[in-house]
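Next, two complexes with subunit A in common: one pairs it with subunit B, the other with subunit C.
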Partner chain A sequence: MKGYFKYFRNKFFWFVVTLIFAFLLNFLLPRLMPGDPVAAITAKIAQGSTSIETVKEVYKEYEQLFGTDKPISQQFVLYVRNVFNGDFGTSFTQYPRKVSSIIGSSLGWTLALQLPAILVGWIIGNVLGALAAYVKKGWDKVVMPVAIFVNNLPAFGLAVIMLVIFAVQLKWFPTSGGYGFDLIPSFTPNFIKSVLVHYQLPFWTLVLIAIGGQAIGMRSMSIYELNADYVKYARFMGVPDGKIIGYVFRNAMLPQVTGLALALGTMVGGSLVAETIFSYPGLGSTILSAVMGSDYPLISAATLIVTMMVLAFNFLIEIIYGLIDPRIKAAQSD
Partner chain B sequence: MGKVMLEVKELTTKYITRFKEDVYAVDHVSLKVEEGKSLGIAGESGCGKSTLALSLMGYYFPPLYYTSGDIIIDGRNISGMEPDDIRKTILGREIAYIPQAAMNALNPTGKVINFIEDVVRAHDSKITKAEVYEMASERFNLLGLPPSTLERYPVELSGGMKQRTVIAISVILGPKVLIADEPSSALDVTSQKMVIRMLMDLMEKQVIKSMIFITHELPLLYNVTDDIMVMYAGQMVERGTAQQTVFDPLHPYSKGLMGSIIVPESGSRGVRLTAIPGTPPNLKKPPFGCRFAERCRYVTPECIVRQVEPVETSNNRMYRCIFSEEYLRKAYANE
Partner chain C sequence: MKHMLQQVFHSPKFVVGFIIFMSILLLSVIYPIFVTGDPLVIIGKGTFFEPGIYVNVVDGIDSQLYSLSLPDVAEKRIALKLGATERADMKEWLVAFGIPEADIDTEDTEALLNIWNQNYDSKLRLPGMTNARKNYFARLDASIDNLLSTEGIIIASKDPSTGALTEEETIGQSQYINVNRTSNVKVLPLGTDNFGRDMVPELISAIGTSLKIGFIAGSIATLLGLVLGLVAGYVGGWVDDIILFVTNLFIVIPSFVLLILISYSIGQEQRGAVTVAVVIGFTSWVWTCRAVRSQVISLRNRDHVNLSKLSGHSTAHIIISDILPYVASYVVMAFILQISSGILSEAGLSILGLGPKTSDVATLGLMMNWAMIYSAHIMGKWWAYFPVIIAIALITFSMNLMNTGLDLVFNPTLRD
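Now for the complex of A and B:
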């Protein structure tokens, strides 16, 4: 257990270091983008006003409000202090809405879409991949080409195909949105039914994409493990097949667990394409519009959440790995 | 003569490649090992040594297939048995195997004791965890391995330790025949010595009743085993006691093989080492006549057109050559 504590401490140290750098880049990168958002807002507000003085006045006011008149180092200190107080600032593009309220309203949609899709896709994909490796014969000849085909289809392509077939041609599902445009979010049976119907297309698009990649990975890992020396030795010692399959799939699963963690980490910002095509009211659509409008506070907050999720899941997975794979623990405690 | 532990009669097995070609890696091999004795199998890479080791266990899975012949372990013919029965009643219990690459022979994510449990339970489902532990630590103690090894993962063991652990696991059920496939070839000399001593120990303490030891290191074989069999291109070409095969080889191939190595004995200092020219034949299309003919310095046209059968000599030796014992000895003396 002493070795494990050392492993944990080491991983935690790197987690903190990465977090600090991620925080810094998160702040800096959007602000290095060309374009002046304050000018854009001023132009919008001061539309029709001919007086240069008034425009200047308005510009000054907003510059002060957003803090863009101060040197960038000072802005950073301010930003860090505010973030620690849970204040991500005010959105530029959706002024005067608070960034935290924008993210709060879209995050739920994204999580509800992504989490089940990733989990379902991961489980189905791994089962199919394991079966393809173990059963071989005709099964493998069907699963593999289909998996490769689906996996290589770009997300937007698959989304558009689904849209055309199921929404435009068959008219089984609506083409866009998270719920009927004539409804107001509430817990009424009518609204929930509308949400479920709108949910199907983006959900199955994401599931299909996840299945392909997972099945391919699991299949090759399983084939590799099935041919390992320990399988042969266990067989020649009379160990029954059921037990050996247990060894094999546990070992083959290890890289797949990493895959799941990465998918969960990037899930908040990951479905940008699917959300955009289906006009789903999630975080992906929010990030897209924030980038279009150089909305620094909103971009920073959204990417910060994505970064934190990625880091947190990576950290979590390394901790779990240390427990389930003795090889990693041994390598670390040397 | 002691009780015969393992008798193999005319065993033939083949590999079937992806392109449906047959490769006869073990071709009509017969051998016999008595209780308390060990047999060494020597030969160059690709001659079918390891395939023979796998074939002897009577349990085949692709790409290896059984063709014909009998395997009799302690009076019981296993070649007609159902594969599942062989797995449950024979493997590990009657005949056990030490793989060539012990490095990867254990499941990397399982503790040693967990694998032992699975092995023991496969043959006796009623045994409890505590009993298995008792049994395993006793066996490990007997073989000079610390019982704390049982609680370790394979990655935590050194190469030599891993190999000895694998040997200890192989003999956990006290098999009648132990097949060791190059158990020491990947180890340094010190670990090799420990492994060999361990195998000798197993025989002495009667944990195992007989052993087949496969290696390309002839000097080692000479020191470890009672008898030696030389294989070439899937066939056995010579069989005799260790002393006979190493110091008085009959078959031109054995002669060449023995001439290419140093056996650390008095008088070997001035001996020049020789090499056998050429490469072994392709076993997809083995030559009709003597398989060694192409590389043999005593070859005659007859060797190529005639199938060569093994010849038993008076002192219980066997060799596969068209020439008589006297002719060969005279030829070797004239060099």
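Now for the complex of A and C:
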């Protein structure tokens, strides 16, 4: 138990450090750039307004919000306090909506879409990869080329192709949105049905994207394990095949868990872009519209939320990994 | 070195990937030499012209006419104007007008046209029909007008003073022109994009720019990762601690988020293709650094390195001549992957509207971005986005193939 504790403490320490660093980056990067961000924002928001008084007021408001009139250390304290209070300011593009409310409404969509999709894709991909390594003949010839092809298509490319085939040509699914445009979000059977119909295409696209990379990784891990000495030894000893396979795939699985933790950031990034293709009302589309409308507070908040999400799930995966890999306990306890 | 190259070029996977990649690269280099002129010049007034051969109508009338008697002229003409949807629409109008459904046979063209011409009235607005729908039927009626006529079309010229028309020529139904003998013919193999730019030169120049972005980003990332990895691994101590700390941070913070933040902060005006490439390069060196570092640590205490140290060689000399050759194969492979991931990063950024400044260059991501903004995928304008996806997929596929081929050569344990 002591070994586990040490491992968790170490991982938690890193989680906190990266989180602080992510905050710092999110705070510093826009401020490091030449030019006065508040002036730029004011210029954008006051476009078309002729009154100098209004422009001045807008400038004052944002100067106060970001605290650019104070020294940078105080600014950071202010920023962290705002973040912990869930106060990200007011959106430019959807004025006077609060950024936190926009993020709050899109975060759920993204979580509900990406979390199950990555998980399902990871499981299916690993099963297919393991089968490809074990069965080899035929299966390997079919699964691998398909997986390699899917893996080489960019996520948004696959999304566009799926959209064109299943929504535009076959008309099985709607082409865009998270629910029917004529509905108001509520817990009515009609709305839930509409959400489920809209969910299918983005979901299976993301699953397909995840399968590609995972299947390839699992296949090569399994082939490597199948050729390992302990497998040969077990075969000589007459251990039944089923039992050996169990060990082999358990061992091949472990690097896949760490692989998932390390690939999470890239996967989420790709999925966010794929989301925009389906105009899914999640964080991806929020970032897109924020960029289009130069909505600085919204971009800053959305990127911070994405980072925190990735870091949190990364931490979670590492905790799970610690529980399932016996070597962790052994390594930490001595 | 020569032996190694020989071995590499014996790997079928590497060779196939290399050939695909070199063809794409050569295409993007050679094409602009033969087809000079701005690849982004706007030629079409309108969005998304279909792929095809465009013949100037005035030149077509002016050029020599040939009479050909071909059997299925009328059928082809009808097939183009009267597809299954048009026939169904005509039936819809007629049924709404009050014709019994049993009387309408959409398969029999002549009967359908007869019943249509007898009943259709463009002024009539049927109950429940929107104005747009009404206009659609008026257009449909105009396009199928005279579809079955056997008379020719009269070309007339206008007298400038009186305004009277005099017949110049009659073009018969069976007359043809030779496209090769017409002075103004434009072949648009992939049509035009949303701005009316010819897709072919645009796509090729976009491939060139995207490859350039990939090379710049890949070089920066690989060089940075290599140098930091070598220093961290060989020097060790507090230098290693700092570099390891930074790598551990950036490995979990999603680089995509950093890219969004930096690109947005730079601002639309300052964001050229090279700037985007540099930003991508500076956010993607972490993996290379980590891998090089761990390899160097395992090499650091090898006998030949210790021998070199005893002989009094400088640190730089040891790193370059005793350690670098051992990590070189890995670095080449990492470089290839960095190029392809750089191209993908640019595409992802551009789709979010954070790519290079939109007016003066075309990149694969920007083309994709414009196609998506103009909903090319929903309107069925496949030529605006499909070639772009194929181009990206071919580049990444060829790079991955080369990488796998190299992997099989350098890591014999992977060969089955």
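Assorted remarks:
Keep this in mind: the second predicted complex is superposed on the first by the 258 of 334 C-alpha atoms of A that agree within 3 Å, B and C clash if a C-alpha of one lies under 4 Å from a C-alpha of the other, contacts with A are read in each partner's own complex, and residues count from 1 in each chain.
Here, contacts are C-beta pairs under 8 Å (C-beta built on N, C-alpha and C of every residue); 3 or more make two chains touch, one makes a residue touch a chain.
Values in this document were obtained by computation on a predicted structure and should not be read as measured data.
In the superposition on chain A, A:T205 makes contact with neither subunit B nor subunit C.
Residue contacts after overlaying the shared chain place A:G157 against subunit C, while subunit B stays out of touching range. One of subunit B and subunit C touches more residues of subunit A, and that partner is C.
Contact residues of subunit C toward subunit A in the complex are 248-249, 251-258, 260-262, 264-267, 344, 347-348, 351-354, 368, 372, 377-378, 380, 382, 385, 389, 392-393, 396-397, 400, 413-414, 416. Contact residues on subunit A toward subunit C in their complex (touch as defined above): 14, 17-18, 21-22, 25-26, 29-30, 32-33, 35, 40, 148-149, 151-157, 160-161, 163-164, 168, 175-176, 220, 223-224, 262, 264-266, 268-270, 272-273, 276-277, 284, 287-288, 291-292, 296, 299-300, 303, 306-307, 310-311, 314. Across the complex, subunit A is touched by residues 54, 57, 59, 61, 87-88, 90-93, 96-97, 99, 101, 103-110, 115, 118-119, 122-123, 153, 155-156, 166, 169-170 of subunit B.
Contacts from subunit A toward subunit B in the complex involve residues 228-230, 232-240, 243, 247, 250-251, 254, 324-327, 330.
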